[in-house]
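Going by the order they are written in, the chains are A, B, C, D and E; count residues from 1 in each one.
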Amino acid sequence: MLRIDKLTKRFGDNIAVNAATLDVDKPCMIGIIGRSGAGKSTLLRMINRLSDASDGRILFQGRDITRLRGAEKRAWQAQCAMIFQQFNLVPRMDVVSNVLHGTLNRRSTLATMFNLYPTEDIHRAIDILDRLGIAAHAAKRAEALSGGQQQRVAIARALMQDPAIILADEPIASLDPMNAQVVMQSLRRIHEEDGRTVIANLHTLDTARRYCDRVIGMRDGRIVFDGLPEQLTTGVAREIYGADASFSEAATSTEIDTLDAPHPVPRRAGATA
Amino acid sequence: MLRIDKLTKRFGDNIAVNAATLDVDKPCMIGIIGRSGAGKSTLLRMINRLSDASDGRILFQGRDITRLRGAEKRAWQAQCAMIFQQFNLVPRMDVVSNVLHGTLNRRSTLATMFNLYPTEDIHRAIDILDRLGIAAHAAKRAEALSGGQQQRVAIARALMQDPAIILADEPIASLDPMNAQVVMQSLRRIHEEDGRTVIANLHTLDTARRYCDRVIGMRDGRIVFDGLPEQLTTGVAREIYGADASFSEAATSTEIDTLDAPHPVPRRAGATA
Amino acid sequence: MTDLTAGQGELARIREDYTALTRRKRVYGGILLILFVSLMAAGFHTADDRNAGGFVDGWRRILDYPAEVLTEALEKSAQLPGHLVHFLPALVETLNIAAAATLLGALGGTVLALLSTRGLAYWPRLIPLFRRIADICRAVPEIVIALVLIFVLGGGPVPAMIAIAIHTAGALGKLFSEVAENASLKPVEGLESTGANWAQRMYLGVIPQVGPNFVSYALLRFEINIRASAILGFVGAGGIGYELRNAMSWGQGRYDEAAAIFLLLFVTIVAVDQISDRLRARLTHGARAGVTA
Amino acid sequence: MSTATTDLDLIHLKHQADRLFTRKRLLGFGLPALVLAYLAYIFFAFDMPGLAARANWDNGRTLVADSYSYKTHVTRDNRSGAVSVAVEGERKGTWSDGQAPEWVALGETTVIDLTGGHIVRFGPETVEYDIPGYGTLRATPTRTQGVVTELPPGEVPDWINQSKNRISVTTEAGRLTVTRNRSEVFRYFAGWELFWFTLDSPYHGLSPAELARRAANGEAGAIWHDFWNNAMWRHGDVAWAIGETILMAFLGTFGAAIIALPLAFLAARNFNPLAPVRFAVRRIFDFVRGVDALIWTVVLARAFGPGPLTGALAILVTDSGTFGKIFSEALENVDAKQIEGVQSTGANAAQRYRFGVIPQITPVLLSQVLYFLESNTRSATIIGAITGGGIGLLLTQAIITQKDWEEVAYYIVLIVLMVMLMDWLSGWLRARLIRGEAAKPRKRRAALQPDPLLLP
Amino acid sequence: QEITEFRIGILGGENAQDRLNSNECLREKAEELLGVETKLFAPADYNGVIQGLLGGTIDMAWLGASGYAKTYLSDPEAVEPILVKVNNDGGYGYYSIGFARKDSGITSLADMKGKVFGFGDPNSTSGFLIPSIEIPQETGASMTSGDYFGEVKFTGGHEQTIVAVGNGEVDGGVTWADGLGAWEDGFNSGALRKAVDAGLVDMNDLVQIWQSKPIPEGPFVVRKALPADVKVKMTGLLASLKSMDEECAYGVLQGDAKGFMPITHDAYQVIIEARKLKSN
């Protein structure tokens, strides 16, 4: 389905992503972990075509994504939604409009400028918001929402794109543990219920272990680990993080056990659904 | 030396300072404490003649300060330096120039207009800065300094005035504990080494206890306590702060015990020096 | 008091450095002051010398002209309301020139700004080109474009409108671009990730952020453009300026008309100034000003 | 997946969203619709449809062609028979008697080669014009019967304009006009004629290398003199005019700033407790600003006469109002803490202003003044056109005369360069004098050095 | 009574610098004669020179008849006429000429009914004052827009009128000419001739539709407040200019002319009356 082949990104002398190779043959939920500066964001941004690769290819169902230009490139972006650490919503616009931005690629420029979205799109947006539990805020400005709610709006926008792949770049890094959990659960659900591929950059090991079917570790631009969460031992983690013996997993943890009770999400249950 | 006699200040119906009476017969370090709005700042501002008293008198060595006008008033202000919570420096001017403002009253207007100060004044300013440990910043702009350094510049300006009295209006309220300590130690030293009277508004009990020879408590414009720091029991404090039983001194504390070690300043040692 | 202070040698160095710095500052400041004063003096002397009337004599006659105008206007004050009504259409034309030019200029300025702002530009490589275009639009005085266009298009409001619009596009292009530079790129990137095209990204991602500032600057420009439009009328582009010039240059005998036109123009300029001042305060300070207002 | 809300709620929410979007659409359409409606009104109010008809594109073409090309006139006085050759038909561009460029052969019959096979012959009686692809045209000016013409057979083409007393022929090679009194040929050349030296200068037509050689041999002064006093382009006068324009802007702007500063204190709430005085000063500001430089120019022209001083004073008066307003606003925003700090040392009022106020407002003041310096350069161009001074006058006069479009183009280029120069200068001064304020983070190097030019 | 400098104002429809250049010789001669610095000023329009004379910042100028009338009406004590230009034919008059485009079919004032009419500068004698009085006498209607003509405009100057007619922006306009020579040359001198010489219009495309009665040439005026000897010296200088320096006289008088003759205020009484008539 998605094949990444020796993908490389250079910024001047600095190699941000170094010949990354990856194969995703069926929809699954992938977590990418690694130190700050390891190249996680750069990798996702290349997949979404927010930045161009220096070398290598991305193939999706046989098509070379790296070659797409103009309208074709934008069509690919519509197919491959992206969620950002800082949500990247339009803060002064209402929530529904932000969600409807997911349909921009399908609608004519002029129509979207005059807010001429079809009613069924509007209703679908509300449905999606409802699915994420924030339909009640539909008419509010995005900036009036809490971080966790904003991130769910961002997810709703992604869903509105009806994408094959959802990329999430540290979706919970600026959220408190409570909200982080809600957001990760939403992503997991989307994967499980809709069968979409989700690739998420995560900065904590336990989140990756808990929600993902497959974990990829990056270090200095290279993919140094690719396996099941179970294989992610402390030793492996140390290698990924390049940490010395003082490395303690707790330092990267955001888990809140006490909060788990009301929403018992099975740990990696339905991983192959 | 300094006698304040039924000093009163009214702002419309509001009485900010209500018949405050105070006698300072020898140079000492006085702390004034009290709730926000108790009238501490107003009292100091009247002494410096930044604002006029509505009633009562201030006598300094027998002269009635409240009556002074024009040049005489300014001469008094030169004799009675003031330090502010927000430093009140000229941020765009360099540190030495700011210190030299302390000589404005003594020098001819014309010369000062063109920034022409005698060399010996400049040297003295640098000496004072050195005494306060910030001579190295002499040529920098005041705004480029940290809060604690700026406050020390303000103290240097005060010292440049060669004043009999130094008034300090919450000199450490906008500083972090570390800097607060340095500034309070400087004031204490000035008192001890130069024998100048220092009157400081303080918002924490422990600072007052630690650095002052005498503590004055104000409440609703009245002086409700005047005694030695030892007499300042929690009960008295409660009365000054008008707090209920939940009052805890810790809430007003900025003490950093660990930092005390390198600079062992004797608690009220030499209080009568 | 020892531990904090610098060593004796160190202190001497600081003193020396500072004295040197002060001396340098004084020298530079002195040179600058002398330079400025002598430039002003020499400039004034040259201007006075090349002027027909001297500066010293002129003051005595400064009120001659207003007195002449006012005397006549007062004599014929009964005709004033008639004149005011008569010249109202010309005033409306002047306002229309200013408004249309501001509108067109603001649209052009927005496009120029978006094309010449780092991070937003459609063709990032062409940013310097669009910047230069804005600079040139800004640098050409309106009168130049207007006079050239009058030659081709004939007199009337259109050349003035085009001339002012071009200048406005340049001026606002620069200001807008400064505002847009400070806009957050996050929403833009968010929209880009959904496959939105450039126009959609700008319209949905940037304009909502910068809109109030843009409108505020455009209002300020409108004030300026009313004056510009009146001046262009003075050199042949219709509107109230044209009427004013005819009345003024006829002189004695039509000063009442001149006074009426002047009154109209003055009141309009002051009124628009005041209104736009308030509106702009509202726009840039948002709700806070609304509360205190 | 269980939904968080009931279906009923959801339907309600959808309705709400529908209403929201109806409202947004109305707004989204309403604003552009208003703008469009206004522009449509302007379209008709300004008679744009008629404009297309009135517009004279020939004029446009002449203008554009003339701005990069020039014409040389060859004129025969039909009474005396004398032939003269002059650049742009001007006296100062006339070839001295018996002299002519190589494409004109003077003689009993003067033969003018317009290239491309176009040949005009001024005979003793008859003027002949060989037009390739058309034939030869003959015109004989007579005392009594006007201009007798003889055209090749066939219909008269529209590039021949013929009447009893006059014929004119316009081809791509040039133009011929014959009236009873004179016959005239224009030939067009690219470039700006005689830009460096006029015909009477010994340096006319010399190559740059040759000029450099002569300059090295001690003729530099003479060469410069001939260039600077070129009668056609008058480089010296143009330079003076530019200087005058900049001078007007400079004197006006800084003079206004000097006058406005003390007055601004009177208009600022925190420096002048007397409300009536404040009000009066503010109204004075509004008045001088509202009257506009244009009117001040006219008023002052009576007192001071034409010239740059009048223009400078007009800018000064208007900008005093503008600066007064800006400065007093800046003064009302000053931080009282600094003033109080200075006051607490026993400083007097002058010292308080000098150290408590001036350092605070200098950046605002200076950047505004410098910004206005640039924009006033443009104003000075316009004001010069009214009071008679500077490049503005040269430009408007050149435009009004409507023939020297190359000079117009030249002046426009100079004006644009002048304004851009002032723009750059004002930006440079801003960055240099107001450290931290104007210096962009890009120019970090400059921001780090202690800046000796700093004013306060 | 002494003067410290002498200032000559120049008006007329030429490039500002050209005007200054062609009067430079006069300036040099005046400077030599008066012994004080002499300067030339070329304001943008008639009004600039007139304001200078009224304000005392210009000492001498060659005004149009209407301009003189305006100066006199504003302040009778400001200036006095000294000399007037005499044409080659001995007269000192010229004409206001009405003209239109040939292809518009307009051949007379009668055809202009309901059309757009263009004046030049309001202070011009031939471009406004005289036609605005004589034309209504012929048409029997006022010059208000919509009365006889559809619209009446000021184009700003003679050159602009010619271009405006050429463009069809106005249907007919008035400008000045000496009335001598042939139409197809644009007469011997005048605004039309200059436009023809510049290649701006083709006289074949234009027709004359009207001609005024002779208009007196405008006077050379000096400020009354000047010392008597300065006035005498300048009058003498101008009067002998043609014999002293023909080239210079050509430049100052803007073409061939016989010379100067003395003139007094009375010669312009008619114009002054006319101007009063046009004021409200």
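Keep in mind that, in the parts below, a contact is a pair of C-beta atoms (placed from the backbone, for glycine too) under 8 Å apart; a residue touches a chain by one contact, two chains touch by 3 or more.
This one's a predicted model, so the numbers in the text were calculated from it and none came from an experiment.
In terms of the stated touch criterion, the partners common to chain A and chain C are D, listed by label.
Taking the mean of each chain's C-alpha atoms as its centre, the chain lying closest to the overall protein C-alpha centroid is C. With respect to chain A, maximal separation of chain centres occurs for E (centres as means of Cα atoms).
Chain pairs B-C and B-D differ in how many C-beta pairs are in contact, and the one with more is B-D. Placing every chain at the mean of its C-alpha atoms, the farthest one from chain B is found to be E. Taking CA atoms, the transformation carrying chain A onto chain B includes a rotation by 170°, reported to the nearest 5. Averaging C-alpha coordinates per chain places the centre of chain C 38 Å away from that of chain E. Averaged Cα coordinates give chain A a centre that lies 57 Å from the centre of chain B. A straight line joining the Cα centres of chain A and chain E is 82 Å long.
Centroids of chain C and chain D (each the mean of its C-alpha atoms) stand 17 Å apart.
Residue numbers of chain E whose C-beta contacts span two or more other chains: 7, 9, 41, 51-52, 54-55, 57-58, 156, 160, 163, 167, 169. Residue positions of chain B with contacts to 2 or more other chains are 139. Residues of chain C found to touch two or more other chains are 21, 25, 51-53, 58, 61, 64-65, 151, 154, 235, 248.
Pairwise, the chains that make contact are A-C, A-D, B-C, B-D, C-D, C-E, D-E. Chain contact summary for the complex, chain E toward chain C: residues 7, 9, 39, 41, 45-47, 50-52, 54-58, 70, 73-74, 121-123, 153-156, 160, 163-164, 167, 169, 275-276, 278-280.
Within the complex, the chain C residues that touch chain B are 1, 3-6, 10-11, 14-15, 17-19, 21-22, 25-26. Across the complex, chain E is touched by residues 54, 56, 59, 71, 89, 161-163, 165-166, 168, 175, 177, 179-182, 186, 231, 234, 237, 298, 301-307, 385-388, 393-394, 396-398, 400-404, 407 of chain D. Contact residues on chain D toward chain C in their complex (touch as defined above): 35, 38-39, 42, 45-48, 51, 54-57, 59-60, 63, 244, 247-248, 250-251, 254-255, 286, 289-292, 294-295, 298-310, 312, 378, 381-382, 385-386, 389, 392, 395-396, 399-400, 402, 408, 412, 415-416, 419-420, 423, 450, 452-455.
The residues of chain B lying in touch with chain C in their complex are 96, 115, 119, 122-123, 126-127, 130-133, 135-136, 138-139, 189, 193, 263.
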